[in-house]
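Have a look at these structures, which come just after this line.
Note that chain A is present in both complexes that follow, paired respectively with chain B and with chain C.
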Partner chain A sequence: MSDMVVATRPAREGLWQRIWRRRTRNYVIAFLFVLPALINFTIFRYLPILTTLRASLWQYSLLGGYGDFIGLQHYRFMLEDPIFWKSLRVTAAFVLLKVPLQVAFSLVLAVFLRQERWILGVVRSAIFTPVVTSMIVVSVLWSMMYHSQLGLINSLFSIVGIPRQAFLSNANRALPAVTVMMIWKEVGFSLILLLAGLKGIPEVYSEAAIVDGANRLQIFWHVTLPLLRRVLMFVVVTQTIFSSQVFVPVYAMTRGGPLNATKVIVYYIYQYGFLFQDMGYASAMSIATLVILLVVSGIQMRAFRSEVEY
Partner chain B sequence: MNIKRLGRVAEGVSRRWFTWLSLVLVLALVVVGCAAPALAPPAEKAPAEKEEAPAGPPEKVTLRFLAIQDDAQLNAWKEILQEFQQIEDGKWSYVDIQFESVPFRELFPKIEASVAAGLPWDLLEADGPDMKHYGFNRVILPLGEYFTEDELKQWFPQSIEEGSFRGELYGPPMMQSCSLMMYNTEMTEAAGISPPQALADSWTMDEALEAWQKTTVDQDGDGVPDQWGLRWGQGTWVGDYEHGIFHRSNGEKGSPTYEGMGEDGVSFVGYLDTPESIEAMQFYQDIHQEYAVTPIEPIPNIFESEQAAFMVTPDNRIGELNRLYGEGEFSWGVTGIPYFVTPVCQTGSWHYGISPNTEHFEEALAYVKFASSDAGARIWYKHVRQLPANVALFNELPEYQEGGRQHIWFEAMNEIGVPRIQTPCYTEYQQMFAEAALNIQQGADPADELSATARRIEGLCAKYAGWNE
Partner chain C sequence: MSISRLVGLGARKIIEYAIYLAILLIFVIPFAWMILGSLRNETEIFANLYPFTWHTIVPIEWTLKNYLDIFGLSPEGQSYGLNFQRFLFNSFLVSAAVVCSSLVVNTMGAYFFARLDFPYKNVLLVFVIATMLVPFQVTMVPLYIVVSSLNLEDTYWALILPWYASPFVIFALIQFFKEIPKELDEAAIIDGASYWGVLRHVIVPNAIPGIITLALLEFQFIWNLFYWPLIAISNNNLQMIQVAISQQTTQTQVYWGRTFAGATLASLPVIILFLALQRYYVQGIALSGLKG
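== the complex of A and B ==
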């Protein structure tokens, strides 16, 4: 009897030790790996969001600090603020113009540039160069190029007999002008991701399709594109989020004008927070933008969901 | 079997433990973050008492100075610093200054964000009409107790009033200003124009328009003038200093249009959007769109690079022209500022400000006192060449005396000069006004734009209600 007791105890202790080793230790190690990212997200993401939410319920300015608690008054004002709605429309127009064009353009480029030839490597590098160039520098350069009197583009127009055009001071052309610049700047980013996606698709599927008699277009449409769906989802979702947060080109090129034609939501938030000294209202608009982006991203992720594994 | 069950249970426990631990950590961080004091308004603190330092050479002190991008001003401050280090037997030789300069329109948000974030700036370059805003919001320290009555007499009373808030001096002035219309004499002579030389004979807007039209020249016939008639205002921005003159000038003295704002400092409806204001801003739009005598897309240095015949500017342009072309090499003239009903130039200029975040108040104050003194003002003028705020300097400059070439600026400051609207809401007002002016330039209906802008400014300024009671 006493032998049994002696034999059982070490066995039970050994079990717990094994559980600790196998399970808990793995989780502890995993937790330690995740910990820095968790702290980073908490301090630099979640905490500011909560602080912003709090600020949106108070009268609050950078210099004046927190004033009275006003509940949802900022949100009510937002519903009645025509420029808020205008800035949302401008942002939506920018995203709807830029993201599809950029993704389509980068997809076409990726298909043509996926082969491993040195000259294509040079072209890939050239297309990627604007991505790593400072946004403010690019914006200033393009605004000089767009200048109606002094700009390079209008000089070229003059040479071929086209009348000079106002780009950034024309309410109908300013947003497309900024969009073109941004596509030029960021197409390299989507291109690299899509190239990686294309190279990750096993050749066997295309070969099988060729054996079945599919032509190149059919292979692209029925084989490549579906298998690229997850990468496309990533590109579309990230580009939608980044584009919805566009600020620097508007700040440097148009200041939201002319006639609010380029007043994107982030620029409007900046104006209220830093220029008009109403950080409370700016915070309310930031929360609204966050909610809108969450919903849009959720819809996009659902729309691009893929069951295909390879 | 039991061991497997136990394992699953343990796995479940570990997962939950992992999840709970993460959640607790996130919540703890959030709670700690939220419990931390929010970005508090800068305290109106008294300058720290300096601890008794042991004998020996003092440690080097570097003051941080936030200012606008302007080479002439920067050169002036550097020379002032060299002199400052020599005075009082080198008492301040251990003081150095590190400048950070930003474009004009970025200075205001930069100052406000920096002070709110507690960044250790010592000195700030503050625009005159913003002094009330800075005083109200405690962005700069009050300096009244550090200046004697005699020291205050160094400057014109307008400058002291502008640099004060609720009767106390917050920042001594760097200079004064009043914008008039300079012109390129070669261009006006080529167009057969002789602008009036006496302030009393200044052109009306319609008379000036004729001159601007005559000097707008499209030599190659491509539809874009090679020479423009007008650049209204310094730089490329459309701030209140020069562009706000349009609407104020279309009112009789003392009228709501002329005043531009209610006495309470927070009312704009009925002042900014009067029929006279709207009429003036319609003209403002027309000179850009219909008459096209000034470019809609601004051209940097358009007057200095001889691409425009007229420019509405303070006299600091003279220093700039001398730097670019050599002393007296650019053929310029000056005439009064065009007007609708009442000739108006808006006065005031830059002031020194000491940040509440400074850790070197004594050195910062000493530098400010020297820079704004007679000696400092002389160096300043040598570089910047703008109407002085310093009375002694003004009296010794022949160009500002009767018959002097720049006398008209002083005359205008006294005859037609009005301070920009005096309100702590000026910073918000100016940003809103600039946006409205830009929209009007680019084709917005002036009535709609001014009406909406006046209402929006009132909304933003409501927080200052009762500030001057």
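== the complex of A and C ==
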């Protein structure tokens, strides 16, 4: 009995303190669970942006380190750099060509391949395979397929009598050729999302439409598509952001050429930072691209919100 | 049913299957050309290109020579100093290290956000989620500046450390953890389990499918990484397989057989994993899209 009295006395005096201390202790332990991840994001995701902001205001090269403070000179140079603007145009052209086509293809495929039949399962697996294959393998493979003399595509063309073509070395065809390859690689990704979206639509809607005498095209247009809008917008927003950052195919297939026809912005940044050794200018362009992409995705997301709300 | 309708139905079936076959071929032929091309002599690849026949794709004479070359096991491969096993080893090492560390760190982080009590937890969540909005490729140059100022460039650490935590994985795991009934971990806490004990014995065993999915996605992401190892690693002994095959093609443009063999090795592990665990993979992507 006396033991208990001794034990409870300090508790009565400091009950709130004890609760407080225990709570703090729990908070500290809890925080330890998330701390490693937070350290990672601080050092490897947030710090780079701050460092880049700094590097963009200095003369900075990989070998020489920081030089003089030059303020906004990089940014001024950027505004007058015709190749910077050209690379933004090339990037925009690529995105505007690729994203709508890819979404349209994956939508059609999703409608035709949605049923659970083994043959469709095989076709779906085949379409997903390029998605998991690395970008560089696909790029290397397709640059061989596009080869003007030894490529598989010209061999296939010869079946129907089309003469040999140059693809990647032709300034007018290089970007469309890269785009076709990128759609081939990534159509399966949007297909997975759209298939999941289709699965989420209850059968009753299309059944009701059939009762009302609608045909399949009408059901697709007036029932399925509106119900799929949320997923569709997600696909459009994410594909726009991903596609704006295309780098590997340009690096592996065309090196930005011919005549800068495929010089997308991320490749141009790479070229300045690592080939021309001008990290300062590369940083300024990174910051500009970052801002542009954040604005674009902000606008898209806002459009997405307002469409979903009603 | 009249005969003409029956014929019509049959014709429709044939057209339907023809379309499936066409789609299948569009996606399979490039891979078939690559894999089968790695199993034949180079001269054979070029000699059978025109006109297009069965043997444009399928070898006449099968050989492993290209593989012996890139592994440096043939005299020719040795004379070029080819050593692909080293690149494969690097890729496996880095992928395994990232998948393991990221599973521990992200699981802990997701448990914190899904279950634990902390002031201003939502602000921290925004801090994590906001990193997903930052365009990935655009921040590679900035990331390089940080990594080189930490003197980590040209080490395995440069390949592992930036990826040991992922906002995407944390976010997805939070969704999985939220589906586990809260009563389970509350009961364990009353029984005297620590947070760590709850995570190990209650949360993780109940989220195994989700964890497999994310481990798979993470492995694919790291294995396929190209831009980051390209700029972060200049020591050829530490290079990952994806960069190695691209350098192989640019330096020795003519050696198509070796390029095919390297590309096959660089993509086969992920393709096999994907085909074996396709259900998890599809679920993972669908989850990220539909809940995100």
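As a working rule, the second predicted complex is superposed on the first by the 259 of 310 C-alpha atoms of A that agree within 3 Å, B and C clash if a C-alpha of one lies under 4 Å from a C-alpha of the other, contacts with A are read in each partner's own complex, and residues count from 1 in each chain.
Rule of thumb we're sticking to: contacts are C-beta pairs under 8 Å (C-beta built on N, C-alpha and C of every residue); 3 or more make two chains touch, one makes a residue touch a chain.
Please read all numbers here as calculations on a predicted model, not as lab measurements.
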In the superposition, chain B vs chain C on chain A residues touched: C
Which superposed partner A:Ser286 touches (first chain B, second chain C, both, neither): second
Partner chain(s) touched by A:Ser169 [first = chain B, second = chain C, both, neither]: first
Partner chain(s) touched by A:Val123 [first = chain B, second = chain C, both, neither]: second
First, second, both or neither for A:Leu47, with chain B first and chain C second: both
First, second, both or neither for A:Ala30, with chain B first and chain C second: both
Touched partner set for A:Ser158, first chain B, second chain C, both or neither: both
Which superposed partner A:Ser297 touches (first chain B, second chain C, both, neither): second
Partner chain(s) touched by A:Ser134 [first = chain B, second = chain C, both, neither]: second
Contacts of A:Leu150 with chain B and chain C, given as first, second, both or neither: both
Chain A positions touched by chain B in one structure and by chain C in the second: 26-27, 30-31, 34, 38, 43, 46-47, 51, 55, 62, 150, 158, 274
Chain A contact footprint on chain C (complex, rising order): 17, 19-20, 23-24, 26-31, 33-34, 45-46, 49-52, 56, 105-106, 108-109, 111-113, 116-119, 124, 127-128, 131, 133-146, 148-149, 161-162, 164-165, 167, 170, 194-195, 199, 220, 223-224, 226-227, 230-231, 242-243, 245-246, 249, 256, 259, 263, 266-267, 270-271, 274-275, 278, 281-282, 285-286, 289-290, 292
Complex interface listing, chain B residues touching chain A: 3, 6-7, 10-11, 14-15, 17-18, 21-22, 25-26, 29-30, 33-34, 38-42, 108-109, 112-113, 115-116, 137-139, 222-224, 295-297, 299, 427-428, 431-432, 435, 438-439, 442-444, 460, 463
Residue ranges of chain A in contact with chain C within the complex: 26-27, 29-31, 33-34, 36-38, 40-41, 43-49, 51-52, 55, 62, 109, 112, 119-120, 122-123, 125-130, 132-137, 139-145, 150, 152, 155-156, 158-159, 184, 189, 192-193, 195-197, 200, 231, 234-235, 238, 241, 244-248, 251-252, 266, 269-270, 273-274, 279, 282-283, 286, 289-290, 293-294, 297
Residues on chain A engaged by chain B in the complex (per definition of touch): 15, 19, 22-24, 26-27, 30-31, 34-35, 38-39, 42-43, 46-47, 50-51, 54-55, 59, 61-67, 147-150, 158, 163-164, 166, 168-169, 171, 255-260, 271, 274-278
